[in-house]
Amino acid sequence: MLHFTALVTCLALLFYFFTSFNVGKARAAFGVKAPAISGNPDFERVFRVQMNTLEWLPFFLPALWLFAIYVSDAVAAALGLVWIVGRILYMIGYSKAASKRGLGFGIQASAAILLWLGAFGAIAWKLVHA
Amino acid sequence: MLHFTALVTCLALLFYFFTSFNVGKARAAFGVKAPAISGNPDFERVFRVQMNTLEWLPFFLPALWLFAIYVSDAVAAALGLVWIVGRILYMIGYSKAASKRGLGFGIQASAAILLWLGAFGAIAWKLVHA
Amino acid sequence: MLHFTALVTCLALLFYFFTSFNVGKARAAFGVKAPAISGNPDFERVFRVQMNTLEWLPFFLPALWLFAIYVSDAVAAALGLVWIVGRILYMIGYSKAASKRGLGFGIQASAAILLWLGAFGAIAWKLVHA
């Protein structure tokens, strides 16, 4: 059982839920009625924070779990926490201006890529030495 | 093996596939050519049904499986079925008018949040009592 | 341990990462500044390649793994490779013109649907004969 990775997965889902909730609030605040997803740049930035988190989840979650299974539960969970911190910084920066989203983006991308590299390397090693 | 949760996962994927298929049909019916994703409100509502289902899948599926692993296969599958029913009501309501999507949305959100709460609680309990 | 499926999952994530990377490049090349996601058809086609891959991942990955668990690791991995090849052809075709995306789309859809059918059939069989 990979308890630490399971817990960090729940925290990542909680953060994602929060970004989705913000889109609903921004629809009301900026008067962008469903089904529209454009028309107001302030709304669009909040919407893009959710969308970008959504875009990264199918990369992050499988890489996180393959890393946990093939390398280490604790290290996977630690990198997963770094990913969440990066996403929070990305959200805070992007909500101010599109140009301020770089730092958080880089942190979360680095964490996700490390998870992928570790998983890929360990799987390839197992296959070669099986 | 978590057979019930596996089966409900297949059913959720089938429903999602159906919403994607509807977008293709709506492109033809309302004359919205790829790569455009806006321009006709009737098309946009069908598109948003698929997109909203896509937005919830990375929350629903991990919460469903963590609940199944840490709590119960049968209860996870039952809540998963409620989620699918909520999504179907959401689709039917949204296809009529944006204002009629509330009930289905609330049902599927409640089911997904219950799955998350159960999984999070059980994982935290295991970590504290490990 | 399902090493072949794990490896193919990494390769699918790598391809998806590549399509996301292309969106960033296309933003610069066609002058579409974040948070905008429309305004230039050449950008929109590159964006839709990423989005369509994202749309299929939550269908493909669970179907792939359920097939691997319930049917066969090697066959799941082989169908997963076909899916990736289809997605590459789709990307190449769509980057030229929206009308040239059909072949790759059909190949990846067929592979994903076969994975779903195999998984669904095997799970239903297990439940009936349990």
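All chains are identified by letter, namely A, B and C, in their written order; residue positions are counted from 1 within each chain.
Just so it is clear, contacts are C-beta pairs under 8 Å (C-beta built on N, C-alpha and C of every residue); 3 or more make two chains touch, one makes a residue touch a chain.
Source: prediction; values computed, not measured.
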item	value
Equivalent-chain rotation between subunit C and subunit B, CA atoms, steps of 5 degrees	120
Interface residue overlap between copies subunit A and subunit B, same or different (over half shared)	different
Between subunit B and subunit A, distance of the C-alpha-averaged centres to the nearest whole Å	19
Multi-partner residues of subunit A (each touching 2 or more other chains)	38, 54, 58
Residues of subunit A that touch subunit C when the two form their complex	38, 41, 44-45, 47-48, 54-55, 58-59, 62-63, 66, 69-70, 94, 98, 101, 116, 119-120, 123-124, 126-127, 130
Residues of subunit C touching subunit A in the complex	1, 3-4, 6-7, 9-10, 13-14, 16-17, 20, 33-38, 50, 54, 57-58, 61
